[in-house]
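There are two complexes below, and they share subunit A, which is joined by subunit B in the first and by subunit C in the second.
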Partner chain A sequence: MTATEEIQSAADQRISDEVLMSVRNIRLSFGGVKALRDVSFDIAKGEIRAIIGPNGAGKTSMLNVINGVYHPQEGTIFYKGKTGLMKPHEAATKGISRTFQNLALFRGMTTLDNIMTGRNMKIKRNFLWQALRWGPAQREESENREAVERVIGFLEIESIRKTPVGRLPYGLQKRVELGRALAAEPELLLLDEPMSGMNVEEKEDMCRFILDVNDEFGTTICLIEHDMSVVMDISDRVVVLDYGSKIADGTPNEVRANQAVIDAYLGVSH
Partner chain B sequence: MTVSVDIAKYDTFPKLLRFNANSRAGLPAMREKDLGIWQTWSWAECAEEIRALACGLKALGLDKGDKLAIVGDNRPRLYWAVAAAQSIGAIPVPVYQDMAADELKYVLDHAEVRFAMAEDQEQVDKLLAIAGKSEALQAIIYCNPRGMRHYEQDYIHSYADAVEKGRDYDRANPDFYVQAVDATTGADTSVMAYTSGTTGQPKGVVLSHANILKTAYNAAVWENLQESDNMLAYLPMAWIGDYIFSYAQSYVVGFCVSCPESPETVMTDLRELGPTYFFAPPAIFENLLTTVMIRIEDAGWLKRKMFHYFMAVARRCGPGIADGKAVGLVDRALFGLGNILVIGPLKNILGLSRVRLGYTAGEAIGPDIFNFYRGIGLNLKQLYGSTEASVFVTIQPNGEIKPDTVGTPSPDVELRIADDGEVMFRSPGVFQEYYKNPEATAKAKTADGWVHTGDAGFIGEDGHLRIIDRAKDVGTLTDGSMFAPKFIENKLKFFPNISEAVTFGADRDYVSAFINIDLNAVGNWADRQNISYASYQELAANSQVYDIIAEHIIQVNEDLAKEERTAGSQIRRFLILNKELDADDGELTRTRKVRRGFVADRYAKLIDALFSDLTHCEIETQVTFADGRTDTVKADLELRTLPAPSREAGAAARHAAE
Partner chain C sequence: MFVLEVFISGLLSGVMYSLVALGFVLIFKASGVFNFAQGAMVLLAALTFVRFIEMGIPLWLAAIMTFGVMIVLAIFIERFLLRPLVNQPLITLFMLTIGLNYFLEGLAQAVWDAEVHGLDIGIEDVPWVGLEQATGLLISMFDVISALIAMGLVIILSIVFNKTKVGRALRAVSNDHQAAMSVGIPLNRIWVIVWAMSGLVALVAGALWGTRLGVQFSLSIVALKALPVLILGGFNSIMGAIVAGLIIGASEKLGEVFLGPYVGGGIESFFPYVLAMMVLFWRPQGLFGDVIIERV
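Take a look at the complex of A and B:
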């Protein structure tokens, strides 16, 4: 078996035929600006799905539609057997968590506390119980802390556990943000440019973590990325957007050979 | 009586383990963090794990006399693997975890390693990269299952798997383990330690149980170690010091050894554990001091003043107080106040509050750095030793600590200075041989057991040994003045801005130096000056950085001028290297000692330029990345000449002192 075949067979085991999410005919516009024009694609359970495209292609808008930040004028989303658009907190309770293009961490809080906030949806006891920190509330906190520690161990950030995130270098902050998203134990993880602003080494680390998350926990991942080479290396299938429209959808090799994609990235005279 | 074990009866580590499991069953033996919480294994629990693992290794096919490589950071499971291998008469061969694959291959081939115990996927991958090429390597056992799910090779086993097999084997052959341990003898090989070597290929130093046990025991009795002591094992397991301190002495004395959560958390772990017994090579003490100095420079005005004031007090009278000498009442009071305001909290931050005994060895420590730590009340001692001696040759006795000596011979060690000034020793710890290298053995060890150290030194009237330098490194300038490179470099390295220095001057007209700046310290300074930089290379080429380094060197020169012996070897010219000296490039040993000959060869062009009138020199250097890829870096380096050293100033200073 050649290396490529080996990778392919590993991917076959990992990805099931089951569709986790299907995005159908999404149209989104802000006033006269058409951000998304009739975009449809699906995400299979267990795969790493990438959305790529040049600047302003509508990638982040698409992610915001998926987890309910934006409400499209038309179209709907099918997720885990249910059809319909979700609000952000619904998406979170249903196992969708995300990271942001521009970091959205609590800068004054430690790494540990930031990741703990990712457990928010898992905490059942109300504020009063937690304030008393007694009995069931304490047990619950221990359980959540354990989950957070697993994430810390997984992302190898033990040494910054008690460091306020504002003091950390950018690459590590990105990793903490991934940690917070992971702490929610998502089924679908949305990553908005997880590698932007990173140097080569940090990118390599981040790639490894994304692959490991997918491999160890079976988490389905949908990521947006600017850096083509990174995307092509780690994703199973790629959607390409340009000016709000889907221009290609397929495996990295198929997408790479697609003339419309080459034109969109290199630019052609219209 | 603190060390209560009879080492004539319990003459091997597996037997000592049995003793500890009986007499100290419930006492802590090892600690490691899991999910952020310290977990403890008692001696009885360790003994059970080791028994299961030993049987597991046997079941997987490891036999008496076979070698088991240990590859990874300090982990309880790896320490157990050492004991497990010894229990069945196999020989542990710990290797440096940061070795590149081909270095590792050399050691594994040379030692004919059959089994390897690896910490994690990274190490397994490294082993797999060479497993095909190494004939002997037959099985790999990994401790951390992360990322290992897709490895389907039948010769790769998980730790849990090995232990499981071991328990089955133990049930089927209940007498095996006990008999195997009974069969071990003091003459058996305890460990094969590959020395990093400042020259040539690594050599496998064969040390018997008797060598290690007797030496560890002697030093433990001498220093009055207690079973209530505890230590953090954070230095490479392949280094003989770690084997002695974190393994041998722990077994002999029964104290608890903790493993850091990860190499990056050592500082936090130190603070949480508060070890009482601490070892660090000079480089670590230098780094700690640099970190402190950087933080202080960032602190507020009042704190900065307080720090410097009380550190001056500590330097002046701290060592005296620690040694119980007469110190004036005012000084005592000031020191007491400083202890509350500055020194105590500082020690606490460094995790050194509870240290009863600290050692530094490996190479000479700068007297200023040494006095700093002595000053803050740390019982820091220098010791002198080598792998070939099972570490201990000399130790500084309590109350007789002088920065310029390495102490008196430790118990049972005989010391003599050869006619050419080389230090030689004979002790129960003297190694058996270099594995498969009788010529080297014969060269290093005389027929009656004396070992050549390769260091030049002399024994003072007080009976203390003083090491001048590596014998072959000490030279003379063309005008006949002595040139001891290490001595000058240590003075340079005291400045937080300088992380490494290499000086040249043997048979030359004057001394010149290569400098590596400390990226943290200088980077911090640059931040405060609003100097932007993107890399080490850029910062190193900055002319303002050259200015501060020049100032430091001038200070060193003034220092050198004060001593007649060293006045001639003041530094005239220097440059800041465009890359940090690195073990991956072969410029340092794995224990971070400069490989002088190699550096001189590699940078011959720069050295020639330093001894000419050039003000600039272009250089192309090869760098090796952690994964073995190489790349070349080009740079145009500035060479800076310092004002001619004034001997008159030195003479005047001396005159004033008299």
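Take a look at the complex of A and C:
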């Protein structure tokens, strides 16, 4: 087997044929602006799926539709074979976690507390038990604390555990945000430009974390990214959007060779 | 001896300020909004409470029923006022609470009435005999008991806020709505909880202040007393509301006694504001407020 084939077969084992999420004919408009025009694609269980496209292509809108921030005018989303519109907090309880393009962290809270909120819905005991810190509630709290510590160890952010996140540099804040999403032990992880605004070293770290998450926990990842080279390196399949429409869908190599994609990114003279 | 007496009674009346301030802090912590309607909520809770008692309902049942009314109010506020305004600028929400203030003042007086009602919750406003015999200090029993009630409430609230899932969710919501929803925190339910909690605080404050001043329209103005407490303690600290309440209570009484005579007296009403302003020069976030983090 050649090296490429080996990588390919490793990917085949990781990715199952099972479709985790299927997006069908989504149309979304804000007044006269058509953000998404009839977009369909699916996400297989275990893969790293990228959504790319030039500015204003509708990438973030797509992600917002997936986790229920926006409800599309037309189209359906099947998640684990079931359809139905979700609100963001319902999506979270069903195993869909996300990060945001412009960081959405609890700035006044520490790294630890931020990541702990990711486990909020895992805590079943009601607050009276918790207030008393007694018996089952105590045990549950320490279990969750352990899970959070694993995430902290995984992302190598032990040293900033007690720092309010508002004080951290941007790259680390992004990492904390990823940590919070991971703490929920999601089945589907949505990352909105996880590498924007990072320097080369931070980008490499983030790539490594994304690959490790996918590899170690088997988490399905759907990510939006601007940086083409990064996307091509880490994703299994890529959807390309332009002006709200899907113009290509396939493996990185297929997409790279696609004339419509080249035109969209480089621009064509009409 | 007299000084000590003034000091202690100042501390105890400070607890009452803390109570009102606490209602503000709760909502501020959970939504970043200064709830202008807190005074009206105190009035509504006190009026409802006193009218239930006048109907012959036992004290404890009246208290529970009034709390029920405040919960229903919280649900209405969330459903019809807050929900349509998710993700709007905070100033919009602040304006909303101003409107809510007038609405609740009107509602309270329309449903009940605008008379002055005496409220008797079974604690007499008389000196604590035991303490007087032991030390010679004249301290009102009512002050002591209301201070204990306030302290109990504060302890419960700080545990809920700092040690439980709901508390963490509340803090998360105040930091970022989008992010809170993305980790599975139902914004709507959290808002109902926090408004209901501040309704409970309003009820306790209303009952205690109402016993002292009589339940009447001016109860809603008591809320203004909380303003310097909030500035001094920091808008988002439960602990701050308590300590600042005590400082304000004690210092305004001591100030009246020692500084008052030089300026013709009557400084009690503005002294807290002066104190709060001086603290602002030194610590803009208040004594206990979250440190303001600004990355440039």
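Definition applied: the second predicted complex is superposed on the first by the 269 of 270 C-alpha atoms of A that agree within 3 Å, B and C clash if a C-alpha of one lies under 4 Å from a C-alpha of the other, contacts with A are read in each partner's own complex, and residues count from 1 in each chain.
Keep this in mind: contacts are C-beta pairs under 8 Å (C-beta built on N, C-alpha and C of every residue); 3 or more make two chains touch, one makes a residue touch a chain.
Every value quoted in this text rests on a predicted model; they were computed, and no experiment measured them.
A.B. asks: Which of the two partners, first being subunit B and second being subunit C, lies in contact with A:Ala257: first, second, both, or neither?
C.D. replies: neither
A.B. asks: Could you say whether A:Ser159 touches subunit B, subunit C, both of them, or neither, answering first, second, both or neither?
C.D. replies: A:Ser159 contacts subunit B only, not subunit C.
A.B. asks: Report for A:Val33: first if it touches subunit B alone, second if subunit C alone, otherwise both or neither.
C.D. replies: Neither partner.
A.B. asks: Does subunit A have more residues touched by subunit B or by subunit C?
C.D. replies: So, of the two partners, C touches more residues of subunit A.
A.B. asks: Touching A:Glu149, do we find subunit B (first), subunit C (second), both, or neither?
C.D. replies: first
A.B. asks: Is A:Lys87 contacted by the first partner subunit B, the second partner subunit C, both or neither?
C.D. replies: second
A.B. asks: After the superposition on A, what does A:Asp212 contact: first (subunit B), second (subunit C), both or neither?
C.D. replies: The first partner, subunit B, only.
A.B. asks: Tell me the contact category for A:Ser97 with respect to subunit B and subunit C: first, second, both or neither.
C.D. replies: Second partner only.
A.B. asks: On the A-aligned overlay, A:Asn67 touches which partner chain: subunit B = first, subunit C = second, or both, or neither?
C.D. replies: After superposition on chain A, A:Asn67 lies in contact with subunit C alone.
A.B. asks: For A:Met121 in the superposed arrangement: first (subunit B), second (subunit C), both or neither?
C.D. replies: After superposition on chain A, A:Met121 lies in contact with subunit C alone.
A.B. asks: Can you give me the overlap between the subunit B contact set and the subunit C contact set on subunit A?
C.D. replies: none
A.B. asks: Which of the residues in subunit C come into contact with subunit A in the complex?
C.D. replies: It is residues 156, 159-160, 163-169, 171-172, 174-176, 178-187, 236, 290-291, 293, 295 of subunit C that touch subunit A.
A.B. asks: Where on subunit A is subunit C touching in the complex?
C.D. replies: Contact set of subunit A toward subunit C: 67, 69, 87-89, 92-93, 97-98, 100, 104-109, 113, 116-118, 120-121, 123, 125, 127, 130-131, 133, 164, 166-167, 180-181, 184.
A.B. asks: Quick one: which bits of subunit B touch subunit A in the complex? Just the residue numbers, please.
C.D. replies: It is residues 33, 35-36, 146-147, 149-150, 261-262, 264-265, 268 of subunit B that touch subunit A.
A.B. asks: Quick check on the complex: what are the subunit A residues that touch subunit B?
C.D. replies: Against subunit B, the touching part of subunit A is residues 10, 145-146, 149-150, 152-154, 156, 158-159, 161-162, 212, 215-216.
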